[in-house]
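Here's the structure, in structure tokens; my notes come after.
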Amino acid sequence: MSRIGVFVCHCGENISRTVDVERVAAHAATLPGVACATEYKYMCSDPGQTLLKKAISEQRLTHVVVAACSPRMHERTFRKAVEGAGLNPYLCEMANIREHCSWVHEDREEATAKACDIVGMMVERTKKNRVLPAITVPVTKRSLVIGGGIAGIQAALDIADAGHEVVLVEREPSIGGHMAQLSETFPTLDCSQCIMTPKMVDVANHPKITLYTYSEIELVEGYIGNFQVTVRKRARSVNERTCTGCGVCMTKCPQKKIPNKFDQNIGMRTAIYVPFPQAVPNTPVIDRENCTKFKTGKCGVCQKVCGPGAVDFEQQDTLIVEAVGAIVVATGFDLYSISEKPKGSPIKGYGEFGHGKIPDVIDGMTFERLASASGPTGGKIVRPSDGREPKQIVFIQCIGSRAREKGISYCSKVCCMYTAKHTMLYHHKVHDGQAYVFFMDARTPGKSYDEFWRRSIEEEEAVYIRGMVSRLYQKGDKIVVMGSDIAVGVQVEIEADMVVLATAVQPQQGADLLAQKLGISYDKYNFYSEAHAKLRPVECATAGIFLAGACQGPKDIPETVSQASAAAAKVMTLFSKDRLEREPIVARVREAGCVGCFACKKVCAYGAVEEKEIRDRQGNLLRVVASVNPGVCAGCGTCQATCPSKCVELDGYTDEQIVAMIEAL
Amino acid sequence: MTSEKTLTYAYYPGCSLHASAGEYDLSTRELFKALEIGLTEVPDWFCCGATPAHNVDELLSLSLCAKNLELAEAVEGDLAVACASCFSRLKFTQHTLVENATKRTQVEKALDAPLKLDGKVKHLLDILARDLGLERLAAAVKKPLTGLKVACYYGCLLTRPTDVPNLDCVEAPTIMEQVIEAVGAETVAWTHRLECCGANFTLSRPGVVIQLTNAILEAAKAAGADCIMVGCPLCHGNLDIRQKEIEGVYSTSYNLPVFYLTQLVGVAVGLESAKLGLEAMIVNPLPLLKSKGLL
Amino acid sequence: MHPEKNNSSAFEPKIIAFVCTWCTYAGADLAGTSRMQYPSNVRVLKFPCTGRIDPVFILKAFQQGADGVLVSGCHPGDCHYIAGNFHARRRFAAFRKLLEFVGVDLQRLQFSWVSAAEGGKWVDVVTDLTETVRALGPMTEFKELALEEQWSGALTTPELKEAYLQI
Amino acid sequence: MNNTIDISHYAAIADSIRAEAARILEQGVVTAVVAYTTGRRAGSVQPVIITAAAEAERLTFTAASVNNLAVYLTKAKKDIPRSGRIGIVVKGCDLKALVGLMGESQLQRDQLYLIGIPCAGVLASTVRPAEALIAATLAPKCRECDAHLPEGCDYVPAVSLPSAPTLEPSYAAEIARLEALTPAERWAYWKEQFAKCIKCYACRQVCPFCFCEQCLCDRNKPQMVDTTPRPAGNTAWHIVRAMHLAGRCAGCAECERVCPMDIPLNLLNRKMAKELKELFDYEAGFAVHEKGPLNSFMEKDDQSFIK
């Protein structure tokens, strides 16, 4: 006979205001199997939990029902308390008489009756609860980091410094991401190369970090602690081990006029190239679309001039399987492009700005490349069209961001700051140049951010015009920007030499495909969704996968780095134990009853059901039955609902428990 | 789609086509006859109220257009509209009354008759480019306008506001270029295709019109256009009638003939000048057409 | 044992709701934290996923005297278990046709998607179902069935008549 | 109009079955053949499993060969030799059931030697096995049969199928009649039918798809379905049975034939088959489905019934 303890909580007066807790406790005491039923003002408080533990030992309770808030709130708290008192945590259930009862029904009579029903239902359920021993799975103490920008680099270094092996996968030929493209960084104007290159070198030289560049994630299988990730290492056509990085091949390559994506296509590169001088690894890559050797079979100069003979045109993509226990996703962002959008894409381009066809209308990143000392113009700010120095630049804010009709309604957070920085860089390099900034409002909330923004106005003479730009068009060699100045209430027309657009921050191209491979969720803009917006910002709902940086939402470098270290800390906690404890809510097969129709295997989205052979002592095969791998099973229970004879059972949600609840109503 | 079937439309000319823009009405009728497209004028249609009505009293403007839409229902075929302003008002009324139930009941009370509002309203450009189709239009060409460089001028009403006329992309339309290129002309890329010409300020504040229209003429000339093509009698009025005066004010010379789209297409289809009302234009277009061997 | 109102003997429908933890149960919690009010007739049973909800539970609920059953879970694509709600969608599309064929009034069986952010929708779905079932009155079919002991003995089908005659 | 069904070719079929069975047993192609043999009552036929070529001459095929022999390969396989291929005589509807079982990993095609029957129809019931096969006595399933010529068999007697009269499908009409009723009338109809059920479970014994070790309805921890033959338990039993067979049943209608209380069980299965055809474009057929309609899904499945 089970001895059930029922503990009804007042929750201050959240419950007792509309539910007569005394009557509920009294009613519970009359239910068969209930050994004791009391009520207390704050069950989740320390005295409340001590009351619970004392009752378990004194009354020799076998099951506990706590009638209080939603199990999503304190189930873990009470199960820990019950475990503290020596009872298996899964013999404790919560009756939700707050969110589902006291808060939503004013009539005291109705609310109390409903609370009694809910408690009665949960009492019947707990009678059928079985002891569920914790399930532990081995943890592979290696972490995968996807994305080699500052977020990926920081996370990889933190995890590796903690002594765990890291596999860092980067899609571009070199790590560094968008930060490497920046010139100086706000709010301190220190140059991004100086603060980032040492970290990049640390990554390359770190004994614990395996670096795959020019590589992508092909397939992700397995679960927390036991992922098998297939990495596609795309053919660089250069042997990484033998290449010394001398760069002779790049100087001799006849193909000189290929727009360099790293320089936002205003700088040029050769067919065999390294994206930027401080690239890590410093091994060049052959761009097979534009290399004459691959297009027509002629040339091959790079191979001829290569001393160590590292150039290898026959190199093929290789697939490498890495076993890892945790995954940090740090795939970063891309800037919104104002060019015409393909049909059907919800995001519309900017016809009023010429769909990006006017050469001197550039985005923020291109301005960074112009201003960067290692950029194509060696730091001189010049017009991409004719190379002349612009005397008047118009900066336009919120291009795509905060523009619902353009398909993006969020604020991209970093543009106000980097535009202020751009006006400063421009003023330092072109003393008689005049910067105008069309903006709605300046969002500069960070530490010493607003002071930085004020400086661009007060000391660097940038003219801020509060208003939006309706149109701009090319007139001769000038760009006529037609906007409005709502502070003064007039139409404004500026003939500018160059226009810089602060375009919106978006997730990387293909972010949704990677999410589908990882099985993590993402929002309508393809930003990855965190488990809880406030309390678990660097974890995914899918266990074992963590997020860092702009792939989760627009953010600046300080926030990105802190998220990267936070994600690394989460990985380290995961690796701190040899075996990983898992919720024992997993399915088990009653092999005696299973007839091997494998309907369960067909509906299991996790591939947790395997085929198991039953053999007699002589080894001849008697029959094949289903068997569930407790590590892989996520506990959804679809298999049990599909199995005609209910031979597969989900612990914690067995048919007995559910039918007991239905029959109690 | 009404592919091979002969197209037929109800026709709402609008007041200016029976007055100052008579040549737009004449060239439309002649062109549709030449292209074997049926056109029957809506019996006792009346003014759509244009800009003045909806500035004075919205219910008046909505009721005028709603009544015209009801009258058009009686005539077979979608409603063809030539003037950009009438097109904008009719479309705006249909859009507002479908979206807004309270305004709809007010208008129905004013007209004391229920409204259907499901008839399609189409600008001539829509009919030529999509219903008839560019291939059949090109096939009907007898004198291709080769060598004629045309600046297509949409004005501010044809594509705005978003999601109401739905004629073409709001910021970067191409339907006019498609139509005129289908009949052999060359079009120029210029900056003021969608800029306002000042419209009916031409009566109350002519100074504004002179300034705005000059910017348009200047941009067209700079782009190397021979002439400007419009789809609205009011824009035609400003660009054509005031061109001489603007040339005086800015002491420059444009000499840019301003055609209605139906006139230019009419020339390409081989209609003679009398059927297109080309003589009624202030800036004489005949020397230009002769120089291109089109007349 | 449903509380009959002591003052009026007005019919209070008994509604049973099978919901998934991740979306609808959280949506119902949100309705609670936002203090939204709705009729108290519904009793909620928590499942890990709608994929776990077996049609036999719906049958069991009706047999236990439920006047209306609600099954609600995550919107397609939101399922925490990737595809649980897709399987459930197919299963219930077939099961409700069977119940309809056997003569159950489908207005008493409502399926819905309610996400963790749609507290309002949870309140609407529960209120609509409660009021619809209140209008329909108690579900007599299964209740009467439970009272009957055996076959009425009526010779309704030709075979039975023929077989009877041959004895 | 009870025009007779031409089954003159059944004699030729019987001869070729006897010859083929003898041959495959003789040559060791198979270790046993499951087929029909003459029963004790005049004209009656019963299933038989022969393992020697000499026994082949006992085999026959008449309008009374109604049994679905697939059952002998799964549930009732105690007489089937453990090793070697097994020959089996299959009508179109039987083959569809067999294919369904292959889809549920109960049978492997390479262990079977299928003898397909160009079937023109069988009797509705074998109470009077010798009676002539006419429209009135023809099994209702044969009126709407689309599998007169089974495909993918190892051997099909080279006999041309005589032209069969086109007959009104009776199930479709009955389903339409019931669907036209109000829910209350339908409930009354089915309550009456289910009330007759004596829970003999003959329908479960004869169905090739009811191969569960212990049926859900026999369990009492928890008792999902009331086991006593009271109307409440019967209704639940028949609803669960119809739901468990949805998307699997091949329409061999043996359940209906064997039901001692003449409950129109196949109506429920044909209704579910019709719904699954409309909803998910699924139909029991000759091709092995890797996943059944109710254990797979598509993004764009109908969800109009979900708020």
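General remarks:
Letters A, B, C and D mark the chains in the order given here, with residues in each chain numbered from 1 onward.
Please note the rule applied: a contact is a pair of C-beta atoms (placed from the backbone, for glycine too) under 8 Å apart; a residue touches a chain by one contact, two chains touch by 3 or more.
Everything quoted here is computed from the prediction, not taken from an experiment.
More contacting C-beta pairs link the chains of A-C than the other of the two pairs A-C and A-B.
Distance from the centre of subunit B peaks at D, each centre being the average of the chain's Cα atoms. Centroids built from CA atoms put subunit C at 60 Å from subunit B.
Distance from the subunit B centre to the subunit D centre is 72 Å, each centre being the mean of its Cα atoms. Distance from the subunit A centre to the subunit C centre is 38 Å, each centre being the mean of its Cα atoms. Distance from the subunit A centre to the subunit B centre is 52 Å, each centre being the mean of its Cα atoms. In subunit A, 603, 642, 655, 659 are the positions where the chain touches two or more neighbouring chains simultaneously. Counting partner chains per residue, subunit B shows two or more touched chains at no residue at all. Within subunit D, the positions touching two or more other chains are listed as 216, 224, 294-296. Contacting chain pairs (ordered by label): A-B, A-C, A-D, C-D.
Listed in rising order, the residues of subunit C touching subunit A in the complex are 1-3, 14, 16, 21, 25-26, 28-29, 31-33, 35-38, 40, 43-49, 51-54, 57, 60-61, 64-66, 78, 80-84, 87-88, 91, 123. By the touch criterion given at the top, residues 175, 178-179, 183-192, 195-196, 216, 224-225, 229-232, 235-236, 239-240, 242-243, 246-247, 262, 268, 271-272, 275-276, 279-280, 293-297, 299, 301-303, 305-307 of subunit D touch subunit C in their complex. Remark: subunit A residues 340, 350-352, 355, 405, 473-475, 480 touch subunit B in the complex. Subunit B makes touch with subunit A in their complex at residues 162, 169-172, 191-192, 219, 222. By the touch criterion given at the top, residues 70-73, 96, 98-101, 103-107, 109-111, 113-114, 117-118, 121, 519, 521, 541, 585, 603, 605-606, 634-638, 640-642, 650, 653, 655, 658-659, 661-663, 665 of subunit A touch subunit C in their complex.
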